[in-house]
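Once you scroll down, you'll see the structures, which are given as structure tokens.
Same chain, two partners: chain A is paired with chain B first, then with chain C.
== the complex of A and B ==
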């Protein structure tokens, strides 16, 4: 199911170009803000939770997910170089699964890790807040990578759709319409974080069992469907 | 022996028919797929390579369906027309990756790089390569698993004459070894130099099939219509009609032009400039006026 050559090509494509700069900039920004906030306001659990919830989990994780998920396959399909993967006796679902693993790993490294570091800086993991949001970021990384990898497989405008989903649906609609929150990766991840933190600092609108099931279903379905789409991917000629 | 069978294949995109009920058999040796730009060659090659489903009909390789069959790529090597190819890798890294995807190692990659004579630049990044070098590395990636069928989409596009000769030699060698090699081109000269067998596609239809001489006759031995404007249409018309290569000339006063029907194409093309020069007439326009023949005509100009 996992092909090391496909993984190597995907890592190099993801971390090579300008994409790596964007991937690196957001975590640095988060850590920078954490340092400033800690310096100005001192260690405060509520502030730490607000910043990790509002900036790290609601904004940074989905954006990193969009860049890594769509970037793991979109550019190859766009420029046609995916033909070198497709013209091999390698099962198409294997290609997708491998790219998913890479996208998850990259999203985790560039979002969960800085979330943990920022959490430590903000309040030294008081009330398990840093760990809780890190776990949320790890969980969300899996679902985001799967969703955006599928988007990268089916659409040429994957980045735009991905950002619209991440920023408009999750951030805006989620805060205005309560129903939208049930269908939000962010809320599912928060449900897991709530369990980890235990206290009142981290809250989700979705119950943990529902969240777990939805996370699993979305990840599996998106990956399966991307594999199917890749099997019937049409490479248009230049004509 | 590897035989690619295209059986009543059509492909349409929305209302546009790109390939229209084509049946052909591609056997060992070098076959040229000839047709003007937009004739459906790339669509056909994409279907042969399993990257596009036929709307109707089937494409099979030795009886095995090509579409949605990954295992078929053990036998097929593909050289796509598009340039993009993991430019951030070196040539060697690229070919090694292609070998690994076939379950092979660096040794197979090295052999393929030697075959296309790219060892000297194998450690440079692909983004620094010229068009011809890219083409050769693509070729190496297609040859790495020793395929019995090689599909090349416009492989000579943008190559300089020396690179073109090298690639032709290589393809000829592949054909001599008994592989089935199919390449597409819109240039008659290329096909003439290389192919043992030619398939002609015009406007999505299979226009002709056979050896080169037969095709050439088909293209040339039929009436060609031209629109000619000159400094003295009547004198030109009188001189041309005296020659058996023309069968009819109409002086179109409204258009200020001659409509000429030529029956012997080869003779007419040398006659027209000679007659004009002998009579001191300036030729202002010479163009094929039969739309459907225009594309076919362009080959003859290229040749």
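== the complex of A and C ==
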């Protein structure tokens, strides 16, 4: 199910040249802000929770997920070089699975790790807040990578649709219509985080069993369907 | 049997038989439309392209959809104001763009790479420069086109609000003043966002990557700034709030309009910058627009040559 060569090529496509620098700028910014906030406000659990929840989990993880998830396959389909990959005797689901693993790994490294570091800086893991949000970022990384990888195989405008989901659906509708929150990766991840933190600091609108089931279902379904989609891929020219 | 080779006769004697036939090609002596015409054409094509006009149906979907999403809330507000016979619109003209910033960000993120990245990727930039236009013309045309597209996007809902307000017989002078202030504010916003979007998009030939980079810069900076402002508010250091606002495009516009255009600030606590700080806001905004133009000029000095 895992093909090292495909993985190596995907890593290079995602992190090659200056892309790693741009991906790395976001985590550095988060850590920088954490340092500034610690200096301004001192160690405060509520502040730490607000910052990690509002900036790291709500904005940074989805954006890195979009870049890594769609970037793992989108450009190849876009410039047509995916035919060379598809013409090799590698199963299409294997290609998708490998790319998913790479996308998850990249998203985790660039979002969960800095979340943990920022959490430690902000309040030294008081009330398990740093660990809770790190777990949430890890869980969200998996789901986001799977969803956005699927989008990358389905649409040529995957990045835009991914961002519309991440920013408009989760942030805007999520804050206006409470029902929209049930269908939000962010809330599912928060449900897991709530279980880890145990306190009152981290809250989710979705119960833990629902969240875990939905997370697993979405990840598996998205991966499976992306594999199916790749089997019947038609290459279109530039619009 | 060997064919007898013709003798290589010296060609000196055929001098009067060699001639170039005039088969009637003529030089072009019609009007040459020149540099400014080419620039205008590039501007209008880019502006049309920003809404998908003259492109495939698929590429019309997103800009048109965002345009509708931008205008519908304005129409609803007008309907509510007319139905309830309110004395004022539920939202200020200046506030509208701030509330709808996610839509504006998505629009600029999707259309800025569309405007410049594809020229880079398919190496069509040298073809542009083989025309009479210069680097500066190309940059100005693209910048102006994207800024105009953004202005259309942000000013259309204001127009809806204004017309609706007049139909609802709200105070004419008051509404006109608000409308004019709103127009100035969205014009600044259009220039600023177009500059930022184009600078980022012109660096990468990959469309998808450009989109993500533009949206990351716009939303992360806003997220970071508003988080820091909220913390400064809690810490009672409200003097810092205005200075923090300088670091993201949306709060920058918010600061300018709450200092000089009579808007209520969306900053935490509702404290906008004072006049002195507002002057800094205006300077930074204009500086950023100029810097965007300068960076684009530098970028296109070398490209494709």
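Descriptive notes on the structure:
Just so we're on the same page, the second predicted complex is superposed on the first by the 232 of 239 C-alpha atoms of A that agree within 3 Å, B and C clash if a C-alpha of one lies under 4 Å from a C-alpha of the other, contacts with A are read in each partner's own complex, and residues count from 1 in each chain.
Note that a contact is a pair of C-beta atoms (placed from the backbone, for glycine too) under 8 Å apart; a residue touches a chain by one contact, two chains touch by 3 or more.
Owing to the predicted nature of the structure, the values given are computational and were not obtained by experimental measurement.
Of the two partner chains, chain B is the only one touched by A:16; chain C is not. When the two complexes are overlaid on their common chain A, residue A:60 makes contact with chain C while staying clear of chain B. In the overlay built on the shared chain, the residue A:28 is in contact with neither chain B nor chain C. With both structures placed on the common chain, the touch criterion links A:167 to chain C but leaves chain B unconnected. Of the two partner chains placed by superposition, only chain B is touched by A:88; chain C is not.
Of the two partner chains placed around the shared chain by superposition, chain C is the only one that A:50 touches, whereas chain B remains out of contact.
Contacts of A:217 after superposition: neither chain B nor chain C is touched. In the three-chain superposition model, chain A touches both chain B and chain C at residues 238-239. Every residue of chain A that touches chain C in the complex is listed here, in rising order: 19, 22, 26, 29, 33, 36-37, 40-41, 47, 50-51, 54-55, 58-60, 63, 66-67, 70-71, 74-75, 78, 156-160, 163-164, 167-168, 171-172, 238-239.
Listed in rising order, the residues of chain C touching chain A in the complex are 55-56, 58-59, 62, 102-103, 105-106, 109-110, 118, 122, 206-209, 211-213, 215-216, 219-220, 223-224, 227-228, 230-232, 234-235, 237, 240.
The part of chain A that touches chain B in the complex is made up of residues 3-6, 8-9, 12-13, 16-17, 79-81, 83-92, 231-239. The part of chain B that touches chain A in the complex is made up of residues 18, 37-38, 40-43, 45-46, 49-53, 68, 70-74, 76-78, 80-82, 84-86, 88-89, 97-98, 100-103, 141, 153.
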